[in-house]
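Please find the structures below.
Shared between the two complexes below is chain A, which pairs with chain B and chain C, respectively.
Here is the complex of A and B:
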């Protein structure tokens, strides 16, 4: 899809937030707080230019940003906006050049919204794209990892303006050090990781995902009749079950929210039961012990009436939902990609099978 | 005491190591590894100039260095020397000026030796003095904290050359963030904290403690007859009990080694029993439930025959020892100082009473 949007105005923010819940795969945090922050920032500082990497000079510094930690904490320990200024300042000092643009680390949930607020606050443009094409829970699960592009120097900042600048040439160590720091900071923190020049960023970028999220939100909002059809027009949607949440377990440990939810079928799906396992994001869907869908495909619970996404921390008993899946960005479907974000990377001993093939079997 | 030593040569290192065990108060880590590193460094790079702050220009950058973490880990996960180069590089980049001199964060155990090795490796002079006048387990327990001199930017580096640059204007938060990072790095790490100009460092510096440690070691080595008398000539020594270690418990948790040791009296002290509680360093000595000595006074187990200090991780059942105390540096005996390093700062609900007064009562 080619970007048709080059400015994010206040009117686009609700659509972006809805799109972020759909692409999140249950993770990335509730976009609500980010929506309010982005509205406030744009009212005070004006709209955010949404640019392509080709609009920048090859050497320009692009900083992917977002919050890391447990989404259950993010909805209570909210950022104040100034963290983004410290992120820019620390990286500018370290790298010896000004930040030319921000971009989302991941396109999902809160982390699809915060970069808009932060871009507006810092009067910087935002690149239309991200490093996951969805949300994932760990830092090596960013596309630069596949190309050997370093995650460091990366910086964490909390609401007290405390900063932690981490340099490690091993992305798994980097994840461990950042996660530990975030836990010490109280469960979540604001981050700028994988700083890159525009030239380098062109390789790992998953393009136009910000526009895509806005288009998803607009399609659902403007739907005449079934919002799921409208959604399917923008992004191929594979509904797995219509049903009701009958069980949800959730625990916040080690800087993540982990757990599972059970959906019992309604209407034509009566009699079916599926189970979703999540670590921030929904990882795998099982029916009778067999996988229906798995990471890296995007698995999202959608509200049965509105088609808006439900992030894992908001799953509640009794919710009427459609559990849907969307195709993963191509980068993650390679053998290298699956090593990093396939089911085994999360401890699930199953083979990845693309959702469109699974769906052909069950539909 | 005025410094009479202006060069640390290979021949001084054994004396320095012995002095470090005496001043350590049980903490700071076993100096053995640091001794070998310093010998190796000085053989390859030449001796280390031991300077006064007045030998530097007012704006010169002085970096206090050492290892932080659990001493029980430090004797197994040893540094390779290059960490010190990364410490200097990261702080030089952050502060925009070259490091002019290193100095010990604390004058005790391993942390009295490593700065010598690192100064030699980086061909830098070392300031004769430290920020504790002994060893203490936590980072806010450095004299600059008493003067509101910031601990940040501070950097941690591990043997993989991973670095973590921490900036926090709250020294207790700083300690928490550094301690958490050290735990993630495996239990210990190399640190450069409280970087200061020479002008600023003049206020918190506890001067000439490096010379003092060398003089202590030399006095014990050259003693004709009783090494304890020789020691007492250099630093007033308050022996609390001559006895045998009959119990020691030790656990390594949260980046510290914590525990207690029991000493039963021998010879003229037969019938007496004292208990030492430690958190890296010896904190308090109890007899019949009453305190005999406490932090900030320096409490050290000395070998009964050699008068060399025994660090907490080397206390063993059956060791014949003299438990001795030494006066704390004056900075720590103020009301402000006791708030930070008095018995209550470690959770012991007793009043601090200076060792010379306690000793007058029991002697």
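Here is the complex of A and C:
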């Protein structure tokens, strides 16, 4: 499939950022910081070519990149910018070949934008696709894990240009080592891992998600009247409740923002109370103790008036919202996928049930 | 302790007119006046006091409270005038260098405000440890390089809401190098979110001159009229602010005008849902009244093109008002952004001046009677096109605010509301309530008093719920102490700043409570 968009210019960045908050499921951090980094980078270094894997040679090196750590840290301790050069340098040295293209690890929040900034800065093309189709909080929650493609060697770089090359024995160890290192580095770090050749990357790639995010942003921006129906035309939207945030509890532990938000229904949903539990991303939605939606389906709080996504760290008392869910990419709905990113992977003892089935039940 | 509540005067100083209302304890309107705003703040406010006292025929001793709402700060930013030149310092390198300070500011505002920008090594991690050592030498060198231009200083250090050590250290160095100069530390003004906090901090420093001017003007006007009233300014969330805090945090008065006009519009129409269009002399603010309250922005708020992290009514502001200048540009008729402001009574055509304004256009369209002479017909085309364009700009902005398909009525308030025709668009009901012209002043007069708790709690001994209860109780007590009615005081804002990774977990909680002035 050929993507509709093949060049990311400054004008596309706002749309991409809006699309990222919708697809993020609350996680990935505020794309604003990534948006400004990308703007600054594109102004200084030019636009970014958005390519398909088929545009590369089979053994070209593709490196998925992004930041890992707590979104609350990323909106304060913004990167230096040159971390991405160190990521490429360290992996090129270790793998003995030049990086041919960068790609996003996840299509959500800050990490949907950062690869654009870094591709521009390193004058590399970016692959139209990612490894999650949304955002998830842990590093083994990437599609290559399902295919036995290793996350290592991977590299972590901080703003002091310190680098850590991780050679782990499996993806869970990689996650553990990287997470511990990130804590030592002050809560977030810039990373490149799951380095793959273009041929290998074709297997796990969730294609054209960068284009999808830009299209979501453009649809909401150009919506005449109801932005929710404009959104629904680009991606099937399952609204769960219209309401108001009446409580939000957040704590940053072990490099994650964990907590819960409570939403009280308004208008036709008056009388309903729904609770969302999150770990960076929104994990499950409960009503009267029963699950309405759960990972891997995408659960996002959307502004009641604009339909723009609200990231976990921006949930505030009094906000008017529509809580909506979107279908997860198919890869995650397999038995293998659910083992990695289903509700149990996050410690919630519930059975996953696809959102379209839940929705048919409640509607 | 504020005096017992009796009569209160609400004043709204706009770019063009100064409105005053006087309300009794039951919020009954006893009188209203409108006087031209004068270049000297004291004169205008003083005149407003004199007239409102005369019109309402009340003894001045009964006036116990004065609430001032002013767009001075907003207009200073929109029109890029009276702003101090600010030395912009961020402490955070080598982090944060991928986004330089003021990068998203409109270029003209940045040129007007910035006395120079720098990112210095330092700042804090989330744990409170330094990212790297604060480079005080580089900081001193920078301060010396800007000492001839800088009139104020803004210091924003990474994670200062968690640990402000480098900001305090910087403050001491600024005093040493530049002597007495207004300085804002970002940790005192905003929460987490480096860029928005930095923007707010820089704007605050730039506005300190404007704040002094307004506060001095208000205090002399009160003295000149022999009043013994407690004075407040209204702030962005529609609550009152002491004059002391205004001098330190003038940026918080931004957004007070719209909050006042929307609360005033709700008071006058009893509507719960509406688009409120507040047309002044210099600008038009459009916001959404949602269940009786201004809809607040869920995203960072844009002030004159700059993003900040304040809670404010979600507004669209456009440079269209009664005093807005209409010109023939090379691509057709242009409306604004300049305004003759309060000088409308000398500069506009109908007052014998030579600058075509939207008020002249409204006179020509017979929507307004004003001035001393008819409009010269050579301006007819220009003015008709200008008025049509202004109307279109306002309707466009209304549809931008109104994000649901359901029709809501429009309420137009403010002195400039005569720019609009009697009826709105085809499918919209347009309300122009009685006293529409003083909605802002009424909103200021009915503003509530607030109290705030901003405290770091150790988690462990107390549960989070107990901590929240304690903070809420504290904020309510503060509000009541400041004069809020105990039975009507409620929590209006809760904010938790997570402070993780510390061996002993702590959270920082800010809670704000507010209520109407107590009757007792």
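The criterion applied here is as follows: the second predicted complex is superposed on the first by the 361 of 363 C-alpha atoms of A that agree within 3 Å, B and C clash if a C-alpha of one lies under 4 Å from a C-alpha of the other, contacts with A are read in each partner's own complex, and residues count from 1 in each chain.
What we mean here is this: a residue touches a chain if its C-beta (ideal position, glycine included) is under 8 Å from a C-beta of that chain, and two chains touch if they have at least 3 such contacts.
On a predicted model such as this, the values are computed, not experimentally measured, just so you know.
K.L.:
A:170 contacts which: chain B (first), chain C (second), both, neither?
P.N.:
After superposing on A, A:170 lies in contact with chain B but is clear of chain C.
K.L.:
Tell me which touches more residues of chain A here: chain C or chain B.
P.N.:
Counting residues of chain A touched by each partner, the higher count goes to C.
K.L.:
Identify the partner contact of A:183: answer first if only chain B is touched, second if only chain C is, both if each is, neither if none is.
P.N.:
both
K.L.:
Scan A:220 for contacts with chain B and chain C and give back first, second, both or neither.
P.N.:
It touches nothing on chain B or chain C.
K.L.:
A:160 in the overlay: touching chain B, chain C, both, or neither? Say first, second, both or neither.
P.N.:
So A:160 meets both chain B and chain C here.
K.L.:
Applying the touch criterion given at the start, work out whether A:81 contacts chain B, chain C, both or neither, answering first, second, both or neither.
P.N.:
second
K.L.:
Using the touch definition from the top, say if A:251 reaches chain B (first), chain C (second), both or neither.
P.N.:
A:251 contacts chain C only, not chain B.
K.L.:
Give one of first, second, both or neither to describe whether A:18 is in contact with chain B, with chain C, with both, or with none.
P.N.:
So A:18 meets neither chain B nor chain C here.
K.L.:
Going by the contact rule set out at the top, does A:317 touch chain B (first), chain C (second), both, or neither?
P.N.:
After superposition on chain A, A:317 lies in contact with chain C alone.
K.L.:
With the touch criterion stated at the top, can you tell me which chain A residues are shared between the chain B interface and the chain C interface?
P.N.:
Of chain A, residues 160-161, 183 contact chain B in one complex and chain C in the other.
K.L.:
List the residues on chain C that touch chain A in their complex, please.
P.N.:
92-100, 103-104, 123, 125-127, 129, 131-132, 158-159, 192-195, 288, 290, 295-296, 298-300, 403-405, 464, 493-496, 498-501, 505, 507
K.L.:
If we count contacts the way the header does, which residues on chain B are in touch with chain A in the complex?
P.N.:
90, 93-94, 160-170, 173, 176-177, 180-181, 183-185
K.L.:
For a test of understanding, state which residues of chain A touch chain C in their complex under the given definition.
P.N.:
Result: residues 30, 32-33, 36-37, 39-41, 70, 72-73, 75-81, 117, 159-161, 183, 186-187, 225-227, 248-253, 257, 303, 305-306, 308, 310, 313-314, 316-320 of chain A touch chain C.
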